[in-house]
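Below is one structure, written out as structure tokens; the observations come after it.
Residue numbering begins at 1 within each chain, and the chains themselves are lettered A, B, C, D and E in the order written.
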């Protein structure tokens, strides 16, 4: 039992070691020269107020440039309500007792 | 919970929490925040109401019928705005090209459909969290 | 006009899901017939898109008229639209079946919710296949995982709860791993659009080789967990065996395949051959697949519950598909895609025919199937056809896909894999053949023989016959399908 | 030594994200209490989001609210992706929690080992 | 600033381990809440106020309330 725990711990530590080793090779401190800070970012920052009328660029991307993502996310919420209701809502006593018998 | 202090404080606090939530929700395009945070705040205010005044009273304020309409309504508003984009500009979820007024950037009434979408998201998030909380704490009658 | 059809069909499915609550208190058949009309309409629209794409070539759809690097893009090529069309056709068959038998354990008041979840599931699958954006794929993956898990747990049995819990945990690990991979790719490329990432990964991956390795690891493992590739299959048997029969068919035949399509997209669209040549993904995938093919069949042999047996058989079959992908050649990919289609047909037929038997007879043990061939001839004949397909008997789709895989393996210089294929087929025969033989030749000793043919509802009978016919049809005339899939595979590589 | 330390400090958010991801994964995989597993999922989620935030960060940048002044803004896109991600993780959490409630009602425990033992007993009977 | 950042990250890791080790689930939820709040402070330090606000409201607020609601219906101790 103890052996198993130590083994899993070693496994996860070595996973972390691998990931840490990999991540150290990646670009460190982020500046405007970083690869992720490219023409897309620059376009958002320069043109978002004139293209969408919103000065909060995060809001502009959320509800305009990438509004389809946000639609997907509201559907996740809708689905979670339906899913939770489908297992927790008591429809009526009889079906519950039947389904919990067995 | 029949504590008079808790009840009084809650009664005073809840409107302010909701007001702040609405503020955050409507100013998503000019300041940090937006539909998610605002909706969550309004949702939490109802959770506080439930905790203080009990689930029965809370359900009267926010009945299942209302929550059902709010849930579908949030998404339907979203889809309707998207369909306006298809009709006016030939692409789903188009903002300025579809004729939404741009307004002056930085003011409250700007950003075309962005505040409307934020309201849709806010309604959805708030009603989701209230409904989920009610469903989770609702004990079945044995 | 035709450019709007994909998004219109998605919105139609979503709208259907949203208006079902309004019908709750009315007659239920109104809802199901309206749902069928919507499905039919979407199917026709997809057929139009398929025809258009076949003639005019791939098309892109941009949300809000923004450029690809700013917004979200749908990329509708032959690969996407062909599989959407296939999924819609199969879902229609299962849908018709489910109106006869959604009931297996689902309370009557939950029907409405079942169909809401079904339509959202379909919406998410369309979104995953059409979208050309890595993060958008993640969002749809999450919708898909909640809906798939809840069409299992909607049955409200105690074993459903534990199976769903295990499924949702592993699913979420998979999703978050995938998201981590997306983050790593975004870090060095600055895009989430698949086309643009693929373009810029060529420049960046020499500068940050560790990044591409880590990202490919996270993403393939994430999607691999969700599609039950061998070491990560632990959730599948429980989840698929406890679900209602129509859900089992959807999960095993379609949902698992959708994740495999994401894996294909990630490997070939995002990373491309230049990266795959350097990182030994191919070797790893083939090793994992070969182990899965053998071990899945071994586990299946040990099962006494027929639906659990089918679940483990899925693990082995996913191994076949992953092997085809791992070969990284046009021939291998074409064989893998063909097996996606043929396994979907066969597994749907198996689960639905077993579901019909469970519906009528309330039996789940393998040993209780003795003499079933006389009591429920249609269901058992379809079961036999599909099972023979699984073994790889000629004149079924299973034979064609095994032949293709074997040829692809030989072409790739991996003759060992042909041996693995034959052994796996032999193992399949070991657990499918006894059921068939006992069902048609043996009497059931525990029951007093009543030579009465059980009638099953027409809505359940029709889908079974259609699936059985399709398995034989594509087994006899696979030419057209193979040619189309070959073009698709060539376009992916 | 100091070069390594500097490098670690440069990458501290990435390393933290990796560490939290692994801790969360460890919790999910090895812990037998179901509620703890869900907490592990939450930790994993925040780890990924921390990674995203760290990508978007620019030293001495300001939040991307365009005021017309001459400043460096941070990258806004990761923030958007996280905003969507947070809500998704909450939805999954709620769904799993409701499953836990049902599991407790049917099995009388929320411990996975206990549940496995009960199932074995049932199968043995 | 960098040292503060490092300190917060260490605090987060300690919190995450504490969540796993704690036997009392209510304490674990409280630690998780502290973890999430500290995470949103870190995000505020990294100039993403939108995300910090949302995480504080949804992650620390709603999630923990839901956890507590569920613990009240199930067992408190492992």
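The definition used in the following text is that a residue touches a chain if its C-beta (ideal position, glycine included) is under 8 Å from a C-beta of that chain, and two chains touch if they have at least 3 such contacts.
Values in this document were obtained by computation on a predicted structure and should not be read as measured data.
Path length between subunit A and subunit D in the touching-chain graph (shortest route): 1.
In summary, the chains found to touch both subunit B and subunit C are A, D. Of all chains displayed, A has the C-alpha centre closest to the centre of the whole protein C-alpha set.
More inter-chain C-beta contacts link the pair A-C than the other of C-D and A-C.
Our note on geometry: subunit B versus subunit E, Cα centroid distance of 24 Å, whole angstroms.
Computed centre separation for the pair subunit C/subunit E is 37 angstrom, with centres defined by C-alpha atoms. Put simply, the C-alpha centre of subunit A and that of subunit E have 16 angstrom between them. Residues of subunit A in contact with at least two other chains: 19, 23, 26, 36-37, 40-41, 44, 49, 55-56, 58-59, 62, 64, 66-70, 72-73, 75-80, 83-85, 87-88, 96, 100. Among the residues of subunit C, those in touch with two or more other chains are 14, 18, 63-64, 135, 139, 142, 146, 149-150, 153, 156, 158, 161, 186-187. Touching two or more other chains at once are residues 49-50, 54, 58, 62, 66, 70, 73 of subunit E.
Listed in rising order, the residues of subunit D touching subunit A in the complex are 7-8, 10-11, 14-15, 18-19, 21-22, 25-26, 29-30, 54-59, 64-67, 72-73, 75-81, 83-84, 87-88, 91-92, 94-95, 98-99, 101-102, 105-106.
Within the complex formed with subunit D, the subunit B residues making contact are 30-32, 34, 36, 105, 125, 132, 135-136. If you check the complex, the residues on subunit A that touch subunit D are 5, 8-9, 12, 15-16, 19-20, 23-24, 26, 28-32, 34, 36-37, 40-41, 44-45, 48-49, 55-58, 61-62, 66, 69-70, 72-73, 76-77, 79-80, 83-84, 87-88, 100.
Put simply, subunit C touches subunit A in their complex at residues 14, 18, 63-64, 66, 69-72, 105, 107-110, 113-114, 116-117, 120, 123, 127, 135-136, 139-140, 142-143, 146-147, 149-150, 153-158, 161, 184, 186-191, 204, 208-211, 213-214. Listed in rising order, the residues of subunit D touching subunit B in the complex are 63, 65-66, 83, 86-87, 94, 97-98, 101.
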